[in-house]
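Shown below is the structure under consideration.
Per-chain residue numbering starts at 1, and chain names A, B and C are given in the order in which the chains are listed.
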Amino acid sequence: MKNIFLVFLSLFLLAGCVQERIIDEINIEVGSAFDAIDEENFTGAFLIQDYLPDKSIKDIVYQSTASLRRDLMMNIQKQSSKEIFNGGLLITIFGNKLADTGIIDFVDTYQREPSIGARNYLATSSGSAIDIIRGEYGPQGTSNYLFNLIEHNIQRRDVPRTNLHIFLRDYYKKGKDPYLPELTKKGENELEISGISVFKEDREAYVIPQNKMFFFKLMVDKHSQGSFRVHIGKNRDADVESISSKYRLKLVGKSKEGANHVSIHIKIRGMIKEFTGKRLDQKEVNKIEKKLQKIVERECLKLLKTFQEKGVDPVGFGYLHRSKIRGFNVDNWEKDYPNLTFDVKCNVTIVETGVIE
Amino acid sequence: MKNWIKKTIGNKDSSQKDWEKVLEKSKDFSRVYYNNQKNNMRFCITSISTLVDEKVIQEEALPRLLEDEWNTIQDIKKVLPITDMEISTDPAKIEKKLLNGYFMLTIDHHEETFAFVSAQKQVGRSVSPPEIEFSVIGPKEAFVESLSQNINLIRKRLPIKELIVEEFTLGSLSKTQVAMIYIDNITNEENIETVRQRLSQIEFDAITDSSYIVQLISDNSNSPFPQLLDTERPDRIAGILAEGKLAIVVDGSPHVLIGPTTLIEFFSSFEDYFLNYFLSSFFRLIRFFAVLFSFLITPIYVAVLTYHYELVPRDLIGTLITSRRPVPLPPILEALFLELTIELLREAGARLPTKVGQTIGIVGGIVIGTASVEAGLTSNVLLIFVALAALASFTTPVYKMGNTIRLLRFPFLFFAQLWGLLGIVICFSILFTHLLRLTSLGRPFLAPIYPPRVRDLKDSFIRLPFRFQSQRPVFLNTKNPTRFSKEKASKKKDIDE
Amino acid sequence: MQEVIQERFKISPFLVIYMVLSMQIGIGVLGFQRIIAEDAGHDAWISVLVAGASLHIIMWMIYKINESVNGDIVTAHEFIAGKWVGKILSSIFIAYFLLLALTVVRTYVEVIQVWMFTDINLWWFSVCFFLICIYIIYGGFRTVVGISFFSFVFHIYLYPIFFFNLQYAQWNHLTPIFENSIKDILLGSFHMSLTFIGFEVILFFYPFIKEPQKSKKWAHFGLFLTTIGNTILMIISIVYFSKDQLAKSIWPTLTMWKIVKLPFVERFEYIGIGTWSLVILPNVCITIWIASRLLKRIINIKQKHGVIYIVIAMSIAINFIDTREKVSLLNDYTGLAGFGVTFIYIPLLFIILMIMKKVKKK
C-alpha cells in the first residue's frame, strides 16, 4: 500500500506539474503601442521593464509589424531572450491613423485574455504612438510615468474616468460612444495630455481640445479636485479650486419615437485660492459665481452642439432615452440624434475664500 | 493431603528461593540479620540498598526493632512509627515491594509471614520554576519527577474531597505508577471511562515519560497533531480540572497530560488568565495569525513567484526581481534550501550545551544568512520571510504544537510548487479535513469551531472577562455546567447608589 | 425499511443551513448572469428572485415527504412502489448525483484551464480532488457537514469584494423595470435551475438530522440567503456591465474580479478562483456521499467500497469531456435534469405520497 502511494506521489510531481512562470525568468510586458502602416498592416511595440541590480528600471522596446495582434506577439517573441507575458500591462497607446481606422480588434484581444486586468489605461496619440512609448521620461520607467500621468489627471484634473472596462462598457452600449485621453509629444522627452478622443463605434471621430476638457468632464463624470480661472474684470482674476461637481441629466418629454429634450443640471462647489483684484467681498464672490456659471453653460452647450454635428454621443443621450422611456428603440438613435434639443443649467457655490479677505 | 501440603510448602520454599537467586545477582541486594536485644529473636531486614533511605532504617526502624519488645510480625505495627506498612504472606508481592523501596522484615524460622515497611529514598529535584511554560507573572512552581510530589502540588490547589486520584501500574519492565485525576461531580463519566479503559489496556515494556502514554492512548497516532495537552504547571492543571477535564500524572515525568483537548487550547498560554482580558485576547489573536503566517508565507512566496507574477503589486515587483536576480535556483529549491538550513540550525543548537549553542545560533543566523545572500544562493526577501516564519512557529506555548507547525510547511511547499495558489488551497482543505476527523478522547478536536458552539467561543480566539465565564465548556458535557452564580457575580449598582 | 442511525453520527439541526448553502453555491454562480440576461435582459434580477421564491414551496414539499415516511427518499420510494420498483426509482438518483458531481468538477477544471493554468492536466487534478473527497467521506457524515461549514465560512470574504464593482455602477442600466415580457422573465427563471439546484439533498440525509423539526427554519433560511445573494449579484452584474458586454463574457463573476485592486494584491481573480475550489469541494463530497449511500441502501455494498467504485467510474468518465462544447452540453443536461428532479419529480412524488397515505390509512 505504501509503495503504491509513493509511486503515485512521484507521478504527481512529474505529470501533474504546470508550466512555470518564474518571476525573474520572464519578461513582463507593461505597455504597448500600435501604429497603422496601411489598411491592413500595423507596427506594434511592446514595452518591457527590466530591473537593474541597483533597483533602477531600464525600458526595453521590441517592435515588429504584422496584420494580426497574435502574429505580432509571435514575431516579437522571436526577438526577446525571455518569454514575454502580458499580465502586467498598464498602458496601451493607439496611433493617430490607427485610431481612425478602428481599434476594436486590439481591445477585443484584451477582453479575451484572462491575464490582462480591467484597470489598464488606453490612450490615443496625436502622432505616432511608438514614438511616445520609446521616449525616456525619467527614472521610474516609461510605463509607470504614463500610468501615473493619466491616473492623477483622472483623479484630480480634467480627464474623465476611463479604463479598459469603461471603454468596453461604453463601446457595447447602444446610445453612448466611448472616449479616451489623447497624448501628444511636446519635445524629445516631454509628454502631455492634449485632449479627449471621442469615438464613433471604434473610430476616432473628434478630439476635444485641452481647454475644453474641463467642461466635458463636468458632464460625464464628477470633478473632485478640478480648477478653473475666472476673469471678471480688468486685473481681477480668480482661481477657483477644489472644485467638486455633480451632474444630472433630465429627460423632458416621453415620446417613444425620435429625440426629446434633455436638460443638464450641473452643480459646482469650489474655493477661491487666488485673486488678483483688490478686495474679495461677497459682491465679488457673487460675480465670480455668476461668471463661472455663464462660462460653463456656454461652453457645454457649444461642446454638445459640436458632438451633435460630428454625430458622436459620448454623454450618452441615446442611452438616457432608452433607460427612461419604456419601449424606446435605441437602434434608430443615429437618425434621431440630430433632432435632439438640450439646455444646460449650472449652479455654482463658492464655499471658501481663503484665510484673508 | 499430606503430599499436597508438602508440595505447597515445598513450592513456597522454591519460589522464595527463586527470587532470592535472581536478586542475589545484584550487588545492591542486602540481607542483614539482627538479634533483638530483649528476647534475642533473630530477624532479617532485606532490602535493595540503592532504593531505601538508610537513615530511615538506621534511625527510625532499627533502634525500635532492636530495643523494643516484640515477638510476632503483627507486633511491628505497634512498634514502628512508620505508617506505610503491610503484612503479608504472599511471595508474589516481595518483588513488587522490594523494588519500590520497601524493606522486608522477616523473623527467623517464621519466614512465611513478612512485613513490608516503606523507606523510600527521595531522589530527585525539588520544585523549581517551569522551563518551557515560563510566565512573567503568576506562580513559578513546576512539576517534578516524583508522582507523590506532583499529586501534592495538585491537591494543594484543589483541597476538596471530590478530587479523585485513581492509580494504575503500567509497563511490564518499568512498572510505572500512573495516576488519573478528576473532579468527581463535574467530569463526565464517559470521559473517565474512556481514559480508564485505555490506560488499563496499555501493553508496553518501559514507560519512562508521559509522552509514551500519549502515543499509546492517542485516538490517532498517525496524526502529527498532539491530541493530549501536556503541561508543567500545577496551576494550569487546577484550572483545567475545574473546567471538567482529566489529568494523567506519570511517575518519572514532569509533564502532566490533559484530556480531552481541542486545537484552540494549544494556542492559549496560562498567562492569558493572569492578564487583563483585552490584552490576552489581543495576544491570542496575534498567536493565531503568527501560526498561519508561519506555515503559509513561504508557500505563498513560492507560488506567487513561480506562477502568479500578476499578483505582485506594481511597486513591489522591482524589489522582488532584483532580489532574485543573482539566484540560480528556482524559488522552490531556494525555499527548501533555506528551510532545511533553519532546521539544521535548530537541531544542532538543541544538541549542543547551552553556551556553545548560543554561539552557533548567532553564527548560523547572521553569518550564514548574510553570506548566502551575498553568494547569491538565496534572495534576501525570502531570507526575511523564512526567518520570520521560523520565529512565528514558536509562538505557541505548547512545544509539541510548535514542532507540528514547523512540519506543516513542507506539504504546503510541495503543493505550492505543484499547482500554485490552487495547490495551497487544496492542501489547506486536506489539513482541515484531517483536523475535522481528529478526536481527542472521543471528543471532536475542533470544538468549539466545529461543531459550532457559540457559547464556547468566549474562551477560544479571544478571552472574555471572567464575569462571562460562568458556564463550563459545552463540548465536555459536564455534570455540573455552572461554575459560579452569574447573578451574584454581576450585581450592578446604579450611578451614585 | 427504516434505518436507524446512531445518535453520535447525527448532526445538530442548525447545521442543515450549511448543507443547503454549500450545495447551492457551486459552479453556477460563476457564470449564470449571462444566460439569464440573454432571456430577460435587464430584468434578469426579477427572474432570479422568482426562481428563488418558488424553491421554498419545493422545500416545504421535501420536508413533508420526509416526515410522512420518517426516513429518507429510499424509504419513501419503497412506501409508494414496493421494494423492487422503489429500489429502481432510487437508483436513478445515483446516476443523477454522479452527473452533478461530474459537472461541477469538469466545469471547475475548465475554469482553471482558461483562467489560470492552460496546461493543467485534467486527469491528475480530478483524481487528486476525488482522493480528497474520499478522505472526507471516510470520516463520516459529520466530517462532510464540517467541510460544508468551513467552505462557507472561508469563502464569505469574497462577497464584500463586489463593492469594488459598485464603484463603476451605472444604475440607469436597470430602468425601466419590467420592460421585458413575463414570458422572458420566466424563461430566465427556468435557466436558473443549474445554479439553484442542490438543496434536494435533504431528501437523502434526513435520518441524519437530530430533531428534524427544528431544522426546517434553518433550511428555509438558507434558501432565502442564496436567493438574496444571487439577486444582489445579478443586480451588480447588470449595473456594472452593459448589455452586450455581459453577453460576451462567459464567466461574468470572474470578469468582475478583474477590476479589483487591493493594496497587497494587484490581480484578485487568482485568489478568487483558488478559493472557489474550497467552495465546490462540499458539492462534490455531498453528491458522492449520497450516491455511495444509495448504493449501500439499494444493493447493500459497503459505503467504503461504494465510494471507491464511484470515484473510479468518474475518473474514467471525466476524460471523455474534453472540449468547451462538451462541457457546455454537460452543463445544459445537468441543468435540465436538475429542473426535472426539483420541479417535476418532487411535486409528483409529494402528491403520490399524500394520496397513498390517505389510501393506506383506510
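Throughout what follows, a residue touches a chain if its C-beta (ideal position, glycine included) is under 8 Å from a C-beta of that chain, and two chains touch if they have at least 3 such contacts.
Note that the structure is a prediction, hence the values are computed from the model and not measured.
Distance from the centre of chain C peaks at B, each centre being the average of the chain's Cα atoms.
Of all chains displayed, C has the C-alpha centre closest to the centre of the whole protein C-alpha set. Work out the mean CA point of chain A and of chain B, and you get 66 Å between them.
Centres computed as Cα averages put chain A at a distance of 41 Å from chain C. Averaging Cα coordinates per chain places chain B and chain C 46 Å apart.
Counting only residues that touch two or more partner chains, chain C has 116-117, 120, 125, 128, 266-267. Shared interface positions of chain A, defined as residues touching 2 or more other chains, are 12, 16, 18, 87, 117.
Under the contact definition stated at the top, the residues of chain B that touch 2 or more other chains are 307-308, 310, 312, 314, 419-420. The part of chain A that touches chain B in the complex is made up of residues 12-13, 16-18, 20-24, 26, 28, 51-55, 57, 85, 87-88, 90, 115, 117, 144.
Contact residues on chain B toward chain C in their complex (touch as defined above): 307-308, 310-314, 419-422, 424-426, 428-430, 432-434, 436-437, 446, 450-452. Taken together, the chain A residues at the contact with chain C in this complex read 12, 15-16, 18-19, 87, 111, 114, 117-119, 163, 165-166, 168-174, 319-320, 323-327. Contact residues on chain B toward chain A in their complex (touch as defined above): 304-310, 312, 314, 317-322, 324-327, 330-331, 417-420.
Residue ranges of chain C in contact with chain A, taken from their complex: 114-121, 124-125, 128, 168, 170, 172-173, 175-176, 179, 240-245, 248-249, 255, 258-259, 261, 266-267, 269.
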